[in-house]
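By letter and in written order, the chains are A, B, C and D; residue numbering begins at 1 in each of them.
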Amino acid sequence: MSTLILLTATGLGLAALYFLVASGLSLIFGLMDVLNFAHGAFVAVGGYAAWTVADHVAGTLGLALALPVAVAAGAALAALTELLIIRPLYARPLDQVLATVGLGLAIPALLQAVWGADPRTWTLPAWLAGTLDVLGARIPTVRFVLIAAALALLGALQLLLTRTRAGLIVRAGVENREMVAALGVDVHRAFTGVFALGGAAAGLAGLLDGLYQGSISPGDGTSLLIFAFVVVVLGRMGSLTGTAVAAAAVGLVQQFANYLSADLGDESVVILLAAVLLLRRRDLKGRPA
Amino acid sequence: MNHVRSLMRPAGRRAAAVLLAAAALYAVPYSTLRLPGVFDGPLDSPGVLQLLAVCLLFAGLALSYDLLFGHTGIMSFGHGLFVTGGMYVTTILVNHAGYGLVPAALAGLGVGLAAALVLGSVALRVDGIGFAMVTLAFGQAVSLLVVSGSPALTGGEQGQTLNAGAVPAALSGVRNTANLYWLALGYLAVCAAVLWWLTTSVPGRVMRAVKENERRVEVLGLNPYLFKLLAFVVAGLLATGGGVVYLLLLGGATPVVAGSDFTLGLLVMVVLGGAGRRWGVVAGAVLYAYADQSLTRLSGSASVAALPGALRGPLQQPLFLLGVCFVAVVFFLPGGLATLPARLRASKTRVGHGVRTRNGRRAQRAGSRHSGLSADASATQPRSPIRRSAPQAGPNVLPGHNAASSTGAAEEGVTPHG
Amino acid sequence: MREVPAAEPILRVSDLTVTLGGSAILRGVTFDVAATGVTALLGRNGVGKTTTVKSVLGLHPAGGAIRFAGRDIKTLATHRIARLGIGYVPEDRAVFAALTVEENLRLAETARRPHRYDLVYELFPVLRERARQRAGTLSGGEQQMLALGRVLLGPSRLLLIDEPTKGLSPKYAGQVAAALKLVAREVPILLVEQNLAVVRRMARDAVVLDMGRVVHVGDARALLADPDLTNRLLGVSGPRTRDVNGSAR
Amino acid sequence: MNALADSEQFPSAAAAPAAEGKDEAQAAGRAPSERGVAPALAVEELTWRIGGRAIVDGVAFAAAPGELLAVIGPNGAGKTSLFNLISGLTRPDSGRILLGGRDVTRLAPHRRVRHGLGRTFQTSSVFPGLTVAENVQLAAQAAVSGPIGALAVWRRIGGPARDRAADALERTRLAHRARALAGALSHGEKRKLELAILLAAGPSVILLDEPMAGMAVEEVPDLSELIRQVHRDGATILMVEHHIEVVLGLAERIAVLHHGALLACDRPAAVVDDPAVREAYLGEPL
């Protein structure tokens, strides 16, 4: 029983991370049709920004300061990416994606240049470093923080999308960008906004990934990105709840498979993806006209 | 005038150029030429030959990737897994099963072929973004298998040195670097030959057509799936062979080839050089591999160490420089290095005539197929492999781009933004 | 033949050319839209009517000049053109299916204007009844009303309306046409319409396109009163048939 | 497979030029099967829905071998959707599609081609990065070597395919453009190239989706003449076209689609005088 709970908590913790990364990717893809390969770099930048703050200011205060810094760093980088890289290539969709591939290579390398290739250790405040007892299972507190953060983000995004004008524009833009523009809405600003929002979530993911692993290294974001892609594809690109469900599924499947056999976890995700894609072939080719 | 000349150009000139290049490359290990600033020693020194060998190997790998991306229009993020397969299957069979090098390599190729058939037939059942993701995930699975699957067999993060006893004397030792160089050159030659042979064949034509307009191919009565699978299998087999060659060049297997950066690197090489343009791809790959290798070395040199920290750091990261260059090429040189000659010629014309009209450029494109194919981005990307619809056409869109995207949307019947 | 409009035209399209997918859709289209009343843009299927309307909104790259209320709008982004007061009801209605009716309307709100929900709900009471329903679940006629309601929400200076009665049952077509007629008293409309009965009911001027060119400009009623002309420019039977039939007999 | 083969099989339909063919079609009446030959193309109660709305609604008609049947109707009437169903790019919800008597409803698009089907698209759909000659040779080769034979990597575009392609280019008067990139052609030339690709593939049943779309007025007669020739050589043609003069000049029968349903399918004169058709087109009376 306690193993089951532990596995579930670990799986959901991982799922939370996936969701933080994938939600931004999914929003960007849904609205702009851009598959953003630089998203992992946003995660890494957020992570390093947070780590730097916490390195200077110890304890809970450092963490409290690191949070807005990580979010802001991710958002700023993403907004800049949209303005400087994505927007000028608007008429060249493939090149947009290729440019993000270039960024995805360059930014982690830059991080490595500044902070070195070796992992930097996070020192967690005492209250975070411990474990919580749930029905006999000792679960690291950080996982609850992760899950809480993901749920908070899900809730916030859901509110943003359903209750605000900005959300209205995004939801409408996913359906028909031209018509949104024809109603007098500046779609490009919405694009930048969504990119920044995704970047903010990625920055948060960078911070939390550091807490989860206890350390950060330049390539962390990129390895998260691959699973986030899987989640986005499984969650039917552009759908927030779909992304959340897919993230939970991937995290849980991975952990439970890992428990069965040490190497099976990641492979099981691949098998899951292949299976679902094959069953759902039609959707990916686009809805019928 | 240009297009007239290029139409009249005898096919023999091309063949002569290829032969000349091949002969020059073959003769490199006999040359003591020094290129200060480019190479540390004379051409025949082991260090330089090793560097050149890696460049040639990557040129071959990039050609194999281009068969998919530039020629058939499918974007795979799992190409590195074939290189990994060739490398690791051979190593494991040699080190742990006591096979000879040749049988092990052949077995590696067999595994590569089987893997390409199986993965290809599964992954190609989905299009565009789905295919990219499935191959990415497959690549990741192989990467994890290699790094953490069974360290006793694969050597985990460290990789594994190839059992020295199994390597023929001619391919081991610093003195024999020239042989390794020729091996890499041979691999490049094989890749180029296969690519040439395949692309001029009937199925090669169909592959090109699939890239341009998949639906139209279907309506011609051909099943695009089979042709994509053929391209995938041939490319996979070539990459597997590249893995074996790389193994010999390095003297051991390294998990680097399994990482997603490795496949992305191949994509970068192809785009850098010019997708679908053989000379361009070779040039892009050689440039990338050279930069990758020598930047790493340069970073350790005294001149860089003397730079202030803010500059030194990034310069020590080849991937940073390559990534930035890549973005720059995507931005300012759509179609890659291969379009440079045409661009230079065009800018010369502009100087001569004052204004370069769009029509003028188009006329030139019409005349010369080769300078034409990537004279602008629309020609190199008639359909985007990983987007689900055409972009909204803004007022700043070139007619050419729009042509490509609007037909795409209309034919796929997917116009969520119509 | 043509009534001279009292005021300057609100929209002047001159020598508009559009090439899409390598084919020339518009080959130099020139016409004016009067500052009052309905100008009908007519022509058979595929002659470039929708492309013309979309080009005015900056949704297609185009050559030529487009002046709205004296101002060159050709280089403006679509949302800026819309903010100048051009409302657009596209051919396929393009309501946002996943959004509720109310949300569809709210999206059309702009910062600086009064929003005339009362007018919209008065014209189309069904929109109030269905406020919370997803637009995708509405019938075609109701979707058309929503699309019209969306542009009527703010005081527009010109409406571009593309085939508002297409695919509607007679009941809805009548309602839509009646509403349009009311609206047309206040706002000039460029109306693309295949249904000539609707055109006859409200249009004053008519511009007829054929194969990407303007082939007729004039009074709408005069055009529709001439069956031969109507048939030649818009109908199923071309001039040659009559010749063929005639000689056959 | 081949248009020529069909012309031998059905000499009466093939030999009659379009103008005289009309009388024959009149004599034959509405149902081609009454002539005693299996229809080259038949659809039976074909229905395709999106989200509950019928885009193509119980359409049924048959085209006799060698017949030229035009499909007209207002925008959004379901004409292109009908073509997509027939060529297999979309699958119907119900109904059947028969090619030369064989049920092809469940076949993939490329398999239908093996039963003699060929089509063009509304927006020019050539291979822009290949030369004109390569475009046509590809189609010819596909027809010569067959769907599996085209996978033979040792094979080069060979003599028979070249000849066939050259012939198609000759007939469409595009031979002088053979070495140009297809993407660089004018719109009119692209439409001709589409026809050349079709000719090279040699289908017996041809779907033409708005062949005149986007053409300049001057270019229309040329292309109509080309279509007339293809028809004269024996191919069965189903053509969506808005250009009514062209339709009346070429078609033996006209099918009118409205709201996805078949409103009429008859000789041109009868269709033009049909009040229901006029109403659908001109929207009168309200």
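Going forward, a contact is a pair of C-beta atoms (placed from the backbone, for glycine too) under 8 Å apart; a residue touches a chain by one contact, two chains touch by 3 or more.
Labels paired with UniProt names: A, B = Branched-chain amino acid ABC transporter permease; C = ABC transporter ATP-binding protein.
As the structure is a computational prediction, the values presented were derived from the model and not from experiment.
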Checklist entry - Does A-B or A-C have the larger number of C-beta pairs in contact? => result A-B
Checklist entry - Using each chain's Cα centroid, which is most distant from the centroid of chain D? => result A
Item to check | Where chain A and chain B are represented by their mean Cα positions, the distance between them in whole Å | outcome: 30
Checklist entry - How far is the middle of chain A from the middle of chain D, if each middle is the mean of its Cα atoms, in Å? => result 50
Checklist entry - Could you state the distance in Å from the CA-based centre of chain A to that of chain C? => result 44
Checklist entry - Cα centroid separation between chain B and chain D, in whole Å? => result 41
Next on the checklist: Multi-chain contacts only, two chains or more: what residues does chain B have there?
Outcome noted: 392-394, 396-397, 402-403, 406-407, 410, 413, 418
Checklist outcome for this item: Residues in chain D with touches to at least two other chains are numbered 90, 123-124, 183
Checklist outcome for this item: Among chain A residues, those touching two or more other chains are 175-176, 178, 181, 288-289
Next on the checklist: With touch defined as at the start, can you tell me which chain D residues reach chain B in the complex?
Outcome noted: 84, 87, 89-90, 108-111, 113-114, 118-119, 121-131, 134, 137-139, 141-143, 145, 147, 150-157, 179-181, 183-184, 197, 201
Checklist entry - How about chain A: which of its residues touch chain B in the complex? => result 33, 35, 37, 85, 88-95, 97-99, 101-110, 112-114, 175-178, 181, 222, 226, 229-230, 233, 237, 262-263, 266-267, 269-270, 273-274, 277-278, 281, 284-289
Next on the checklist: Can you tell me which positions in chain A touch chain C when the two form their complex?
Outcome noted: 165, 168-169, 171-172, 174-176, 178-188
Checklist entry - What residues of chain D sit close enough to touch chain C in their complex? => result 51, 53, 72, 74-76, 123-124, 183, 185, 187, 190, 210, 213-217, 242-245, 248-249, 259, 268-269, 271-272, 277-278, 281-286
Checklist entry - In their shared complex, at which residues does chain C touch chain A? => result 57, 59, 77-79, 82-83, 88, 90, 94, 96-99, 103-104, 106-108, 110, 150
